[in-house]
Amino acid sequence: MLRAVIRAWRYVAGREGREEVPPDQLHPRRDAEKTVVWIDAEGPEDKDRLQALKSQLGMGATVVDAILNPRERTKLMRYGDYFHVAVHDCQCSQGIVSSREIDIVTGPGWLLTVRHPDDHGSQVDLDEVARRFELQRAEHSATEQGFLLWAIFDVLVDGYFDVTDMVDEQLDQIEELVFPDAPDQAGALRVPRSIFAVRSDLTVVRRAAAPLREVVNAIIRKEIEFIDDEAIVHFHDVYDRVLRVGDLVEGQRDLLTGLLEANLAVTSNQLNQVMKKMTSWGAILIVATLIAGIYGMNFRHMPELHWQYGYAMALGLMAVSTFVLWRLFKRKGWL
Amino acid sequence: MLRAVIRAWRYVAGREGREEVPPDQLHPRRDAEKTVVWIDAEGPEDKDRLQALKSQLGMGATVVDAILNPRERTKLMRYGDYFHVAVHDCQCSQGIVSSREIDIVTGPGWLLTVRHPDDHGSQVDLDEVARRFELQRAEHSATEQGFLLWAIFDVLVDGYFDVTDMVDEQLDQIEELVFPDAPDQAGALRVPRSIFAVRSDLTVVRRAAAPLREVVNAIIRKEIEFIDDEAIVHFHDVYDRVLRVGDLVEGQRDLLTGLLEANLAVTSNQLNQVMKKMTSWGAILIVATLIAGIYGMNFRHMPELHWQYGYAMALGLMAVSTFVLWRLFKRKGWL
Amino acid sequence: MLRAVIRAWRYVAGREGREEVPPDQLHPRRDAEKTVVWIDAEGPEDKDRLQALKSQLGMGATVVDAILNPRERTKLMRYGDYFHVAVHDCQCSQGIVSSREIDIVTGPGWLLTVRHPDDHGSQVDLDEVARRFELQRAEHSATEQGFLLWAIFDVLVDGYFDVTDMVDEQLDQIEELVFPDAPDQAGALRVPRSIFAVRSDLTVVRRAAAPLREVVNAIIRKEIEFIDDEAIVHFHDVYDRVLRVGDLVEGQRDLLTGLLEANLAVTSNQLNQVMKKMTSWGAILIVATLIAGIYGMNFRHMPELHWQYGYAMALGLMAVSTFVLWRLFKRKGWL
Amino acid sequence: MLRAVIRAWRYVAGREGREEVPPDQLHPRRDAEKTVVWIDAEGPEDKDRLQALKSQLGMGATVVDAILNPRERTKLMRYGDYFHVAVHDCQCSQGIVSSREIDIVTGPGWLLTVRHPDDHGSQVDLDEVARRFELQRAEHSATEQGFLLWAIFDVLVDGYFDVTDMVDEQLDQIEELVFPDAPDQAGALRVPRSIFAVRSDLTVVRRAAAPLREVVNAIIRKEIEFIDDEAIVHFHDVYDRVLRVGDLVEGQRDLLTGLLEANLAVTSNQLNQVMKKMTSWGAILIVATLIAGIYGMNFRHMPELHWQYGYAMALGLMAVSTFVLWRLFKRKGWL
Amino acid sequence: MLRAVIRAWRYVAGREGREEVPPDQLHPRRDAEKTVVWIDAEGPEDKDRLQALKSQLGMGATVVDAILNPRERTKLMRYGDYFHVAVHDCQCSQGIVSSREIDIVTGPGWLLTVRHPDDHGSQVDLDEVARRFELQRAEHSATEQGFLLWAIFDVLVDGYFDVTDMVDEQLDQIEELVFPDAPDQAGALRVPRSIFAVRSDLTVVRRAAAPLREVVNAIIRKEIEFIDDEAIVHFHDVYDRVLRVGDLVEGQRDLLTGLLEANLAVTSNQLNQVMKKMTSWGAILIVATLIAGIYGMNFRHMPELHWQYGYAMALGLMAVSTFVLWRLFKRKGWL
């Protein structure tokens, strides 16, 4: 595991940009000049430093325990005058969707993000969050810490939409595999695995997005009282987008089920076709073989054997029977 | 992309018809003589003009952002004294159902529609809306802007019913393919694809119609306070029709599932039939072949070979065994 | 379409039976002597007369529109001092279940029924309603119009139970087809279609019955204030029976799904059996054919060919191999 | 149908046991010395006597109608100062689960049970109810009529548990059929029917138990005001057990679905195995047959035919090809 | 069955560790110096002792009955000033998940645990509970009995997570069996049974965990009034973890369904492949056999038979036809 890195920045109202502060010199309490202090920890491994932060920020032991245990459910919980928000992002890398936890602890004037790595060691990237926060600060001329929290949520939800966009593409690909324009042997064999992979991806994004709705709703209901109305309006938009992700995922699951069932039906139909073809050719060839067998019998008295054109007749008989049966099966649609 | 066109009309109470006004000379505020100003933008691409409208109509930046982003969920949201309503229509062209977004922003005395094109570049057509609004104005002798909003919803819901009507026809067609009066090879092969197509269509109309219920309900609960009771009554009817669309779609989904399962069962039955037939004919012919093989053996001492009518006997044996087996399998229902 | 016929009857408290009144001489307002006027229109086609009724009964344009449009959802809606109730009955004729709409508009002292025909032109028959209303009038010695409305609902719900009774019989029949006492080829082939037909019937009755619950509940909650408590008690019974229809339909759907799955399993099992039998007989016969082929070879030095009993030996070999293999497959349960 | 038998007993507080009273000499009104009168009717056929009871107990016509119609939904309904409770028991006899209705009408000091027979004519047995009521009377030294109602419910719920216990055993049996330790041909064929039978049983118990929850809940909420708190406590226990029955049934339905799907998968796998085996043996034998066929050709110039050991060579060729192919298919896992 | 063992410990505030007390000398009432008495019964068999405890702890007969009957639903029920909490743990031993009941009765200052054995006679192990309680006592310097209850819940929920972790591993194994890197005959055959086993395990954990949510929620809502806020905070964490178990189980069920469907599709595809291969090889070999059969006919006038290289020609014909057909089928993707 990589060493955890803890960094901190101070945003001061009226001043553009941010200044980096050493994490051990935080004075995060909200003072006269409105400031926001953002502390970010890459992974919770550096327990000593987190303990140091604990006393500086006045966090209780329960919160620190929750942060150190990266298997939290998405939730918002109040602890005295600060809040613990656990959320999960989604990202696709090489077609595989994974979910990473990010724990947020926020009190008046400060916000701590603790990013947990996924199985591949990668973590939520917060540069885009910083960019969007900067934009809102500029637009509203307000160093409102609600914008920082909003920026994190906004980036998360964008990630969910990236996944649903990718799934849309994958569904199109699977649809082409299931209903190919030209028969595609290898493609058909890939269908079950592709469908299962998409299903797993949708499970991941659903598990991340579904409980986020309640968290955003709680923020809209002003449970975090130090977030201003100006920022709350933005959370309304996040709420709608989370709902829309849910709608999209449900629709995609529905289409996926449809594709799976269609694939089963297509496979069944093909098997039927193959069996009919097989029956037909088998019957055609066995009749010809039977004719050859008959004239291969060793009876002394078989008049045809002595005919001048007996052989030609036998071959003709085979050709005729083959043709007649072929026509018959063709008409029945078996060939 | 086509250039966005912005047009505006003013409906004045007591005066028939409407007068077109240049979009940059709007005075949409409700004055003594009751007027309604309807501004319509074909696609949100003309961002400069939308920005101009923004200040004229007093809209905030958040609403304009939402309008410019055409991937909104169906919803109703209040912004100060005006409202943003995002809805989706459904249309079938060449058997494919697509959904197009239309954003509505409405304040006292004015209503802005922003129509987003679908993948094929087509947009919601609002002529019918204008016609129905005119009709209500005439009937009620009131230039009530609620009627304009209602007319939009009414046209949308008509579109949903067009889709369910089309789906009803398609379900009948699929039912005929699944249970054909005469065996229909090619038809059976089209079933899975047809079922999947209808399922996709139903997903589109459901995604459009389901959240509309809440929006209409909010209007009925008078969340938009400047819509009069006279118009609210009409929304009750829209509400019932949206519910009915939902009922129809659920019923159709149920029938679709039934058809899919029936198709699987039919295919399975056919496979069973084919296999039984194949087994039977295979057994019949192989017995005849075996007889021919036996008399094709080269033993020195095979009395039958020297019989006068040995050959006829062998042929007879084949015929008899064929007939007996054929009867046997016929009786077992395998042929 | 048939011409719509409008008839009207007046029930006067204290007087037995009813007197027919011409629909254009209605004075439906409730007067001192308690009377109920029942107007019945067979189909809404006679629009002129309906318009005439409109002014006589004081109905608004919206209600008349709703009546003329026969695609209403089951609902109860208040319009000033009168109510619009749209309900649907179910009837089976020749094993097909269809649903017919009946619109009821009722105000103090009067009740209008508009019966819409189904695809076959048949309409809800209201004679039984009149009979039950008479019975209640006699029993309670009260010409309470709530009894008339109740009688309509009671007849409707009886119709639903007729359908569920018929479905119960059909389910028994399908169960016999799926698990036949004796193998029944033709029967098995009918299963998918039968299941789909029952499923469609259940969808019809569910669509008719499910929303009725809310309507009856609204009546029990006294939304129609001019229905007396004496009649409300009867609606409690209707409510319970509507619930029971819902329970029955759900149970039947469940059994239907069970039958479908059982049928698939049975078909799969049969296919397995057929394939095993086929493999076995194919192997048995091909071994005999191989033996015949071997002794049909033309080698100069094949000692068996010159044996006295070579032929008998070959036949014996075939018989023995056939018997041994037959025993083997029998023991493995393949035959 | 059997004649209905009506019997009645009086329980007097302070006196042990009960005294039988003729049903036409009931004075069920609660008097100074706390008594409970229990009247029991086996089947509702004896309508005259029920009518006699009607006036004695002061029941209305609606209740008597409901009792005479044995197709009630499980429910609790108040009629003035007495209550109608319709419940259903479940019993298994010879592996078939059936449900029987019992109507209970209870007022202060009296309780009437009307037991409806099932298809086989058997009825709920109330001896156990009497025993449990006696026990509670003794333990609490109180002739509280709530204990009698509770005893009926308690016996009903015990019956539901009997069914779920039986279903547990049946599920174990089906699991053994689906995943047999030794291949079991006949067993596999019984699976679909067994699964369907269990499913039907679960539908019966669910239909009986699910609505009981609301009824018990209503009693706990003291809707029947003359049931004392001492008895209400016991209904809490009934409520929990009804919930548990629901949980068990849901879990069993889930396992049943799992078994059905597993059975389908097992059958599919077996079919695959059979087909592979068939292909393999078919290929092996047809190669040998081809060799025999080749040396059965009648060409004049076939050197092998004249070799001393040609025949042995041909047989050897067949043996070798058979062995090579057998090894090949064995390695591919097809045999 | 093992003899039930009843032991008791007293935790005194301010004193480290616990002192064992004979269960017949309990004075569990909360006195000045805050103490907690924990009585633990291994199995409820020792009924006499439980009866003794009953009077000592002031428990009613109903609670004792409930404890003696080990088939309780997970629930929290108040009896006067003490509470009965029935919960179920989950444990996996040798890959099989079983659930064991533990009944908790707690009043001010005392807590009784009654552990019921599962089918294998094993019981919930409470050593870990004691350890965690000790830890919380130390950390909070408070002998708060809420911590003891919390410790039990915490250990239970850890057990649920053990099961979901195990299921995660099993799902990975099944996924490898369904989509093997190398064809794995034996593995594929194990899939249905493995899926069913996991499904059964998930049913067990769901049945244990789902109703726990309500119980924890009741504790959070302070239904047990003698549990302090300090302990309630910990129950918030338990609540979130129970929710998370539910989410995990739902996600795992979803994946399981996906695997089952994928397995069916894979099996279907394989069957298709096998059938195509079979048809192809069958056709190829039967053509060669037919050629051999033709030249095995005994016609007197068959010119090829007398050719010098007729035999070579026939063999060549077979080789060519085999090769041509092999290419043909290869190109169609059947081989």
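In order of appearance the chains are A, B, C, D and E, and numbering begins at 1 in each one.
Heads up, the rule we're going with is that contacts are C-beta pairs under 8 Å (C-beta built on N, C-alpha and C of every residue); 3 or more make two chains touch, one makes a residue touch a chain.
Because the structure is predicted, anything quoted here is derived from the model rather than measured.
Among the remaining chains, not one touches chain C and also chain D.
Contact with chain B and chain E alike is made by A. Comparing the contact residues of chain D and chain E by number shows a mostly separate set, under half of all numbers used being common to the two copies.
One simple way to say how far apart two chains are is to compare their mean CA positions; for chain A and chain B this gives 26 Å.
Centre to centre, using the average C-alpha position, chain A and chain D are separated by 41 Å. For chain D, residues touching at least two other chains, in rising order: 263-264, 268, 271, 275, 278, 282, 286, 289, 293, 296-298, 302.
Taken as a contact graph, the chains are arranged in a single closed ring, with each chain touching exactly two others. Across the complex, chain E is touched by residues 61-62, 66, 71-73, 75, 77, 183, 185-186, 188-189, 191-193, 195-196, 199-200, 203, 207, 211, 260, 263-264, 267-268, 270-271, 274-275, 277-278, 281-282, 285-286, 288-289, 292-293, 295-298, 302, 304-311, 314-315, 318 of chain A. Those residues of chain D lying in contact with chain E across their complex are 139, 175, 178-179, 233-234, 236-237, 240-241, 243-244, 247, 251, 254-255, 258-259, 261-266, 268-269, 271-273, 275-276, 278-279, 282-283, 286-287, 289-290, 293-294, 296-302, 332-333.
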